[in-house]
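Each remark here refers to the structure printed beneath this line.
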Amino acid sequence: MDRLFLNNSIIEFLKEDIGTGDITSESIFEENQLEEAYFVAKDTFIAAGLEKIAPMVFVAINPDINCSGIKDGSKVVQGDKIFEARGPVLDLLKAERVALNLVQRLCGIATLTAQFVEQVETLPVKIVDTRKTTPGLRILEKYAVRVGGGHNHRFNLSDGVLIKDNHIAASGSIFEAVQKVRARAPHTIKIEVEAESLQQVEECLSANVDAILLDNMDCNTLRKAVTLVNGKILLEASGGINLNNIKQVAETGVNVISIGALTHSAPSCDISMRML
Amino acid sequence: MDRLFLNNSIIEFLKEDIGTGDITSESIFEENQLEEAYFVAKDTFIAAGLEKIAPMVFVAINPDINCSGIKDGSKVVQGDKIFEARGPVLDLLKAERVALNLVQRLCGIATLTAQFVEQVETLPVKIVDTRKTTPGLRILEKYAVRVGGGHNHRFNLSDGVLIKDNHIAASGSIFEAVQKVRARAPHTIKIEVEAESLQQVEECLSANVDAILLDNMDCNTLRKAVTLVNGKILLEASGGINLNNIKQVAETGVNVISIGALTHSAPSCDISMRML
Amino acid sequence: MDRLFLNNSIIEFLKEDIGTGDITSESIFEENQLEEAYFVAKDTFIAAGLEKIAPMVFVAINPDINCSGIKDGSKVVQGDKIFEARGPVLDLLKAERVALNLVQRLCGIATLTAQFVEQVETLPVKIVDTRKTTPGLRILEKYAVRVGGGHNHRFNLSDGVLIKDNHIAASGSIFEAVQKVRARAPHTIKIEVEAESLQQVEECLSANVDAILLDNMDCNTLRKAVTLVNGKILLEASGGINLNNIKQVAETGVNVISIGALTHSAPSCDISMRML
Amino acid sequence: MDRLFLNNSIIEFLKEDIGTGDITSESIFEENQLEEAYFVAKDTFIAAGLEKIAPMVFVAINPDINCSGIKDGSKVVQGDKIFEARGPVLDLLKAERVALNLVQRLCGIATLTAQFVEQVETLPVKIVDTRKTTPGLRILEKYAVRVGGGHNHRFNLSDGVLIKDNHIAASGSIFEAVQKVRARAPHTIKIEVEAESLQQVEECLSANVDAILLDNMDCNTLRKAVTLVNGKILLEASGGINLNNIKQVAETGVNVISIGALTHSAPSCDISMRML
Amino acid sequence: MDRLFLNNSIIEFLKEDIGTGDITSESIFEENQLEEAYFVAKDTFIAAGLEKIAPMVFVAINPDINCSGIKDGSKVVQGDKIFEARGPVLDLLKAERVALNLVQRLCGIATLTAQFVEQVETLPVKIVDTRKTTPGLRILEKYAVRVGGGHNHRFNLSDGVLIKDNHIAASGSIFEAVQKVRARAPHTIKIEVEAESLQQVEECLSANVDAILLDNMDCNTLRKAVTLVNGKILLEASGGINLNNIKQVAETGVNVISIGALTHSAPSCDISMRML
Amino acid sequence: MDRLFLNNSIIEFLKEDIGTGDITSESIFEENQLEEAYFVAKDTFIAAGLEKIAPMVFVAINPDINCSGIKDGSKVVQGDKIFEARGPVLDLLKAERVALNLVQRLCGIATLTAQFVEQVETLPVKIVDTRKTTPGLRILEKYAVRVGGGHNHRFNLSDGVLIKDNHIAASGSIFEAVQKVRARAPHTIKIEVEAESLQQVEECLSANVDAILLDNMDCNTLRKAVTLVNGKILLEASGGINLNNIKQVAETGVNVISIGALTHSAPSCDISMRML
């Protein structure tokens, strides 16, 4: 999570919410009236974004605001004071909505991820995200997944290879698709192939790929794939996985389980800002 | 929804997802190989974003891609082909994920809004959104609310006045807060005050405000406020409103009901891109 | 006036004036030679921009420059020292021209506005600006109008509604135009209609609009409109108003008078920078 | 006037005026309703900006708008149709205000410049502008000066050398200041020195400068400077020059007269947009 | 090489070279005078950038310029016409210098890469670049390496893992460093470790890394490393490799040889633009 | 070298190299672990960029990093510690590659320039650069030329006039080309003409130009041109000049010698970053 990336986005988010000024507050508060605001949890969740992201929002408005937030990954219960900021009240109110909108979402993602992780905590499997993130927020959402105990899949189309059905069809076979990609991709990146059948898993084995995405397979098939591959290649299960079935999927022996819902369907956590 | 605003955002979204290039596809497809892709609904929902937003994403990648999407507001059922794009396959694949991530969210918002609107369709009340939107996507999310039959609250802090508890406390009274704001705000903007009690509603009446936000009041209190105000001032109910209780709230006679969940908790709709 | 908005603009203004460097000064001054510069009024005027805007320009060049300017709204006479800055002379000279070009214009606008306001100071009327501002400087110019004792009309096309002749013609009638806009505009924004005749004023009354812009009416007609409306709707007079006729216009009883000249025709005030 | 430079500015200008959308017009007009708009002169002036700048504004909104404007430098009288644009009415209305705000100013500058030029048309002297331009609009305003028959002084601090009193004081003498600058400045740029006395003019001659700015000298002194220099160095008169005294100044024999008022005090010309 | 990335850079490059306009050419050529320009090779080299990059530069200036360049990877000899562009002469001259500065460098990189590749063409080894590229031009320079027959190392710090001496020292051992990175890095990215001794190569084997960078080892040591690893892990040689010793290095059996000089020391090729 | 210009570029350079984060280092180092890094010269060269540019890179990552670099223009020998930075190790590692890539190139340019300057140090001639710079780095590369004792030619197409063969051909003669340019160019800029023969030198004399670029002339012809011009006009020699022939060229008596190789062919100097 690099400040260099986030600063510009945060400024754009603030402009979106402030427009040409907070007419209401500017009419009422003195310019240098100092206040102390805090965020209070109105729910039970895993904190994400209070430690570093919310402060960036307040500081973007005014570098002199002092902030302090709860450590990312902390468990929070209703009523907990989870973030404090002290500075000019006009600036606190300008940062409020953007900071809340961001951290409510990040806490939601961390919390949902932690629920998935908890289901499989006794098993040697990683829960990972996908590219199904909110446009403009990927770096933050993938961070929240890690805060919740999950791991990240590739960040984008350039830092990971995933050969899908279209690629295979266009190349003629998995083997040929892998050859083409291997000839072009940096040697620092693994080659993962999406397989829809055990037949394709075998082709992946022949093509010596680095990882296989087992797409929408039932647990029985997953187990067969695990047996077939026998630890030689990393196996990722994907598709239709939820809190009810994840343990069964994990028990098939796959190494990685990817879940789009971590980022596209995590409900927001409820957090309010109050003045002291 | 202005193209001038969206173009930059869409380019940033695409860069986020493409990174320095789609290594997989660039290894496999010829640069000018044309294909036809389409989006298929895997769910039942109200379409939003297929008509104008998804095309902007594809065209941002390559102005020569031809797109055609289903009209915003259409009802869609599982299996419906809702968007088509024809152009170089490399470009279709680059636009795919961003376009899907956006429209899945917009359809979700329109669909949830439509459910709320349906609950009160026989009543003279408007369902409106809030500022609890995804940072960077407000203009799109508020558009999706309108597609779903809802209306928009103020866009940001500068195009509407909302006097809240902090403002009242700092001013001494609702009357004084209103005076201060009226002296500064453009005459083109209404003055809305958040009231937490009938006592405050009466103060709003005295202060001759343009609208009152009735914050977290039960239906009984809402009804009394409606009686008290007697049509002289626009009344907005807010706080704790869901699909189960909205009809009761609407029946109290308030003019507007605002719901943060429209934008912060609408579940994404499921849509896939396929090649012909 | 939000720092977030202005910083980028100020940097662009400085780049425009500095190009790739101040060749003359860089050839002559040592890099860390400290100096003190001040602005002196060469005219009589109302100060605007010396307190907050000029400092932003100097600080954009070098955050270590210390600045102090006269309070916005102060009356200034020829010879007054109205701004001081202390820092590296190379940086003072780089900021000089941009800072002067900005504040000369802002002081001009505040001064002209104050002259209009003075004409009507005994009357219950507001002097407001228009959208006829310098492209890129609207937020600053509208601020200067407020410094001069004026008020702001809507900032742009999205934070106020103004239904004009084209809109009425396309809708068929004022009533229908208002219906259409009311169905779409946020409930936080007033609906203002431009009327060119008393007949249209009556239609506005029927349509229950929030404000009427009385376009280019003579004082006699304005008075009739005031009588007709009888305080039920805010009335704005616009068109052909100058320092000679404003008092008469105000005496008709309109609530608001808008004047494009405040921002498009205010002569610059004369200010120089000198070194101690 | 390079399109590369202007495009970004024009988009910023449009965003400033449009905000998040033209609520009024979007409520009323159909998205693809085509109309024809034209600009009409309500004054007598020299046209500037109708030929190339106004079209850029309309095209920035919508590349499909067809525009045609009167040639820059044309004389215009009240009632002349000076610009036409045909396209979607929603887009025409979005471009209207920015286009007008720009061209009214540019026509004003061209017209004022032409008045100065006319005063000295029989004399071998150039009328030039200064760096006293509107921040953000320099390239356009300097273009308008040329349209009006004037010439441009240096564009910014990096493409011309002007040694002023501070530079001379810091260097000890004109001679030493010139030495320092000559050692650093590209050989492609002339060295001009600001002289406040005939004594300094003589020093400039000794220092072999390329041009002398005669600062705030009366005509008598100017004539002496002209005699002293005897054609060996380009002479620029500056300070306190207006339409009443410019001819006298020109008759002293100086080569160039610079006038800040061309850009900072030109009154806007009156232009309206109408629909066919 | 994504157009989305390059457009902004190319515009910045053009602004850098054009400044506020091409004063010389604008004084002389008519605005719409069409001409045909071509690039001629004044040297023998491998073409890179004429096919896609040079056209982007010309089209950025004016979308109506028609361009056609020689295919990337072609061998060029002195006197070859390698690029043609037809359009307004003013625009051709504005694009000239930036286009030449870019392609001269890219051809230089492709040519030097091809020389390295030629040395080892009979051996199963890949020549790869490093992060020692020109700031701002990495995507182009890495493309030119591929044009010359080379391959790319990781693009940046986020799409590949390279554990260096500092990382090992901070972690205590290669094993622990690898553990830490494996726990955090996406499963789609390989883990490469820089080894400075055969002892460290053995530690890498135990830690089950994906690739080893053999840093500054002589050929004898490289051979021992190859024997030790026995094909189980990809081996990269790096440091002090030039056209004279690359064949010997390749013959040790390493899989990849990385060379910073490909991008930081390739001499520019000589190319001129001429008018027909 | 203006910070305002460079900041944006440096941030873009850092983003290019960091991508979405330094996965390796972030896995291993604690966020606030402080370290001290230094740059060591592995070569003999003239320092350029260590004093001001490298610090900007480190400070862009983290304003709390303390930096100190060797004075620009210093002679450096292998093993010299030439730059130090103290701060969080994660930030030092993020800045490392960009800072090195920049200063290695700048030192290379300063060093090559100094070699040319040394050849002619007893002669009254200036060594100048050209527009053949790396796109995006011109301001830095031209600075490095000055550090090495050279001078700068015009920065871009707008701050100097250079009339070339195409311009002359289009105008009919040198005289007419000069007339056209003189009528348009600011009086602050010199007019330089490229001459390819003594005949053209004479035409330049008649046209009273300010400087002549003698293009690709042998020393004999250069001498004749010097004689012909007899000190009345500045003479620049250009084309095919290298370290072997520069002294002869300088001895012909020309005033300026321009060399593209200073910026397009200077080999990078070798510099490494180490941790204490």
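By letter and in written order, the chains are A, B, C, D, E and F; residue numbering begins at 1 in each of them.
One rule holds in what follows: a contact is a pair of C-beta atoms (placed from the backbone, for glycine too) under 8 Å apart; a residue touches a chain by one contact, two chains touch by 3 or more.
Note that this is a predicted model, so its numbers are computed, not measured.
Q: With centres defined by CA atoms only, which chain is the most remote from chain F?
A: B
Q: Comparing residue numbers, which of A-B, C-D or D-E shares more than half of the contact pairs of C-F?
A: Having compared contact pairs by residue number, the answer is D-E.
Q: Looking at chain pairs E-F and D-F, which one is connected by more C-beta pairs in contact?
A: Per the contact counts, E-F leads.
Q: Could you please state the distance in Å, as a whole number, between where the Cα atoms of chain A are centred and where those of chain E are centred?
A: 32
Q: Based only on mean CA positions, could you tell me how far chain B sits from chain F in angstrom?
A: Chain B and chain F have C-alpha centres separated by 52 Å.
Q: Taking the mean of the CA coordinates per chain, how far is chain A from chain F in Å?
A: For chain A versus chain F, the centre distance works out to 45 Å.
Q: Residues of chain D that touch two or more other chains: which are they?
A: Counting only residues that touch two or more other chains, chain D contributes 18-21, 94, 139, 155-156, 158-159, 161-162, 184, 186, 189.
Q: Which stretch or stretches of chain E touch chain F in the complex?
A: 9, 12-13, 16-29, 33, 89, 93-94, 97-98, 100-102, 104-105, 131-139, 155-159, 161-164, 166-167, 170-171, 177, 180-181, 183-186, 189, 264-265, 267-268, 275
Q: Applying the document's contact rule, which stretches of chain E touch chain D when the two form their complex?
A: Against chain D, the touching part of chain E is residues 11, 14-15, 18-21, 60-61, 94.
Q: Which bits of chain D are touching chain F when the two form their complex?
A: 126, 128, 146, 151-155, 158-162, 184, 186-190, 192, 210-211, 234, 236, 255-256
Q: Quick check on the complex: what are the chain E residues that touch chain B?
A: The touching residues are 1-2, 4-5, 139, 155-156, 159.
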